[in-house]
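What follows is a group of structures, each given as structure tokens.
Heads up, the next two complexes both have subunit A, just with different partners, subunit B and then subunit C.
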Partner chain A sequence: MSANDGGTFDAGARPDFWPDFWPGFSPGDWYAIAADHDVIPGHIYRTTLGGHDLAVWRTRDGTVQIWRDRCPHRGVRLSLGEVAGDELRCQYHAWRFARGGACTYIPAQPAMKVPGTIHAEVWPAAEAGGLIWSGIDPQGAPPALPAGTVVRALPVARPAAVVAEALAETDWPGLALVVQPADAQSAIVRGVATDGDCLAADRLLRALRRRIEQNGPEQNGGERGA
Partner chain B sequence: MILYDAHHLAPCYAVRLLAGLLGVPLTLAPMDVYPGHDDQTDAFLDLAPAGRLPVLIDGDRVLGDWQEILAHLALGHGPAWFPADKPALIGWLGLARDLGGSAGLARMIDTFGAAGDAAAARAEADRLLDHAERHLWFAERAGGQWLLPRPTPTIADVGCFVFIAPCEDGGLSLRDRPALRRWCDRVRFLPGFVAMSGVFPPMANTPR
Partner chain C sequence: MQEWRTMTPDPILWNDWHPVAARCTLDPGRAHHTVLLHVPLVVTIDAAGTIIARRNDGAPLQQCERYGLVWVCLGTPVQPVLAIPEADEPDRPPVVVGAIGVRAAGPRVIENFLDLGHLGYVHAGYLGDDPQTRVLPYDVAPLPDAGVHGGLIATRCRMYQPKASPAATEGFLVDYFYKVERPLATCLYKDNPVHRDRFDVIYLFVQPVTEVTSIAHPLLLCLPDGTTPAALRAFQQIIFMQDKPILENQRPARLPLYDGAELPIGADRSSVAYRRWLAAIGLRWGVITATEAAGAPR
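The block that comes next holds the complex of A and B.
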């Protein structure tokens, strides 16, 4: 993870666990980390925001849960587990966690009342404009995007600031786009197509990705998907 | 039917998986590929001159190609899995074979010490996984669940799954491929699913 650029944030107020920030990743901002349709019932969606791996799922009433993708027991990715009703079960020892992150049941200690200190790390969550938003300490409401259809997210193997700069160089008629800073080396472009033409948007975004990845640093260690 | 089988080889897993999904019992003949090289003995090469696993024995028939075996099992026990009138089936089975030479090869290099260029294998696999991810995302938006626009899965889903589900063992990532992760879940939750090392089965006692 890159060092904090220090531009907008008072380092003196930072608690010990406060994460690093860099251009394009600020503590007070909301970031779109998924589309509504990414988080289907019974499924645990996985992404990374600011270098932090996240597991995202829904309780039966559809409420989005965004947790750190790490079981507090042995550190296994919670996104390897399963949704069981209103709980998430870790794949490793089947510890169960409920809405709000509290551990509710430890199979190896069935008679034990689980201490309240055992819980998943819960992140802020909001749903707006067909997207799911999170952040470190996001202020106010998520950005309001125009009405439209959520386009396919495009991961780009370049830092968020580089991707945002490339986006700003071009007009994107009919598209409202935002950048998810995934980790220090990669970002994900998300957004909506006001005309609903996701195929056209996908062509434009894939061409943008080819342009961005042609330039700048050589392919780095960042993960990149479709 | 007898299946000459090595547990960790994805093409062998594809046959075991489809047999499980079809409810077809197989008699497994486990082969010690490494370090035993059971697949290079005179006896095995007499049976299967190409020296490739898996091999299926069904009565007098000896089938030595994993996709041929998938088609054979489907034709005999579940024709809906082999929609021969859909050209896309050939396309996706071809992609599955290409995944074997890229994502599958990277996994064999990283986890079993096979020879090969892992970086080149991953670069090719990334292109193929991107293609499958994009295809499945648009299929989902159109109400689809599987690689072919049909209400039920085909042998192409099985053939691709066995390379995609364990691809992170080969240094690839499904993190930014959400449609592939959802599709993997759909395969895992099919009745009769069987697992392999590196591929989690559905957890027991989970309400679904």
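The block that comes next holds the complex of A and C.
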């Protein structure tokens, strides 16, 4: 049904399961998924990579944790939870998960030694160039971007492959840009301004977005050569 | 694979009764539009109080009224609207809490109602409190004298509750039992702070809108303890509003029925039994079956 055929709700159409890779998203690559400054102490930053919802937070010493945004117990988004010291506490049953993902405490059964099988799903994490990077099984080190100031992330309602293609068509003096494939229909452009002029970068990126989004979604890179 | 699918209607839900409106909220000046199992409906009441539910496409449906709620069956009812003996007790007229939209699959909403482990956190200060969060052992069994698909009963449930109901002036260890009588109909019986020999009864009926959107219709059959219907309603609305953000952030949205999808512990006995029962009776709506999961990419 469509959203408005007399119904109260938009049904939403997010798939339960995503393939591990599609155009613009490869399991062996690193992707920038946040800026360092997005993940401030005590905050859980939420983003999506390749259709996978991620929760990003830091332990007290500042180490970045990137976890699947889903409690293994009853599926609640961990980004709804709270950072408590070096642990993340799920909002539903207050299960606590430590650095590395292991569940340490289950309040409903406080005397129980928590089985080692109860674990948040941990994703690879790296910090480089003012950005936080992740991927399914990324090889080597994240791309080395030139020194600069991290620009404002720009979501684009087009597939990553389409966005990457558009980026490649133009020269971007003073900018080093990368594409975060969010889901099959959308991407986020991230990067650094080597001259520190974030306002100019933002203007250029917004113009790029307008141009890309003016083309209909039928030019869907996700459909090609899948 | 999608969160919701345009599919053959689930035969169990298609041939069962679901609440779609409450008489007390219908207005002769304004038709009530809603959706049941993807089917748009309109419910009207005239000045004489006659209620008519119709499908927008004009196809026939079955309609009746019980407990202050308007019930619809889109298919051929295999059984009547479920019987609530307590509704006939003269000192506890049914109180409709209201229709609460929730972007969650119906089975997720029912499972949350059965869940004891969240009371001390999600409902802290009301139905539980940290650090008294331990879920004491309880029993789950098939429900005797259930409807055509059977059901479940969870007994010996106990939870320390600071404010078990609007009339509670102090915390106490509350005795509970739960019944699941239909896939999307559940209830609990809990100690009343004044009448220690009888139980307050709280029903939760879930109107399935799409597979991942629902309308909750809680119904209260509470003993006279000085609480007004408005106060009873307000209390339950607070409780439900505490659950709503949890329900709307469960992924996958549909309740997984296959092994290994989610990791239960002993305190989740009710939830485990509910999932197994849904799998056993073959419910397909708002759930991810083992067959479907086996065909998924990951």
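Here is the rule we use: the second predicted complex is superposed on the first by the 197 of 226 C-alpha atoms of A that agree within 3 Å, B and C clash if a C-alpha of one lies under 4 Å from a C-alpha of the other, contacts with A are read in each partner's own complex, and residues count from 1 in each chain.
Assume a residue touches a chain if its C-beta (ideal position, glycine included) is under 8 Å from a C-beta of that chain, and two chains touch if they have at least 3 such contacts.
Just so it is clear, the structure is predicted and the values come from calculations on it, not from any experiment.
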Subunit B versus subunit C as contact partner of A:Tyr45, first or second or both or neither: first
Which partner reaches more residues of subunit A (counting touched residues only), subunit B or subunit C: C
Contacts of A:Ala182 with subunit B and subunit C, given as first, second, both or neither: first
Which of subunit B and subunit C A:Ala108 touches, first, second, both or neither: second
Touching partner for A:Asp202 - first (subunit B), second (subunit C), both, neither: first
Touched partner set for A:Arg60, first subunit B, second subunit C, both or neither: neither
Which superposed partner A:His93 touches (first subunit B, second subunit C, both, neither): second
First (subunit B), second (subunit C), both or neither touched by A:Leu80: both
Which of subunit B and subunit C A:Arg210 touches, first, second, both or neither: neither
First (subunit B), second (subunit C), both or neither touched by A:Thr117: second
Set intersection of subunit A contacts, subunit C complex versus subunit B complex: 80, 91, 94
Residues of subunit A that touch subunit C when the two form their complex: 1, 5-9, 11-20, 53, 69-70, 72-77, 80, 91-94, 106-112, 117-118
Residue ranges of subunit C touching subunit A (in the complex, touch as defined): 1-4, 6, 33-35, 38, 40-42, 56, 101, 103, 111, 115-118, 120-122, 130-131, 133-135, 209-213, 215, 245-246, 249-254, 256, 262-267, 271, 288, 296-298
Residues of subunit B defined as touching subunit A within the complex: 126, 129-134, 137-138, 140-141, 173-182, 185, 200, 202-203, 206-208
Residue ranges of subunit A touching subunit B (in the complex, touch as defined): 34, 37-38, 40, 42-43, 45-48, 80-82, 84-85, 89, 91, 94, 152-153, 155, 182, 186, 188, 198-199, 202, 223-226
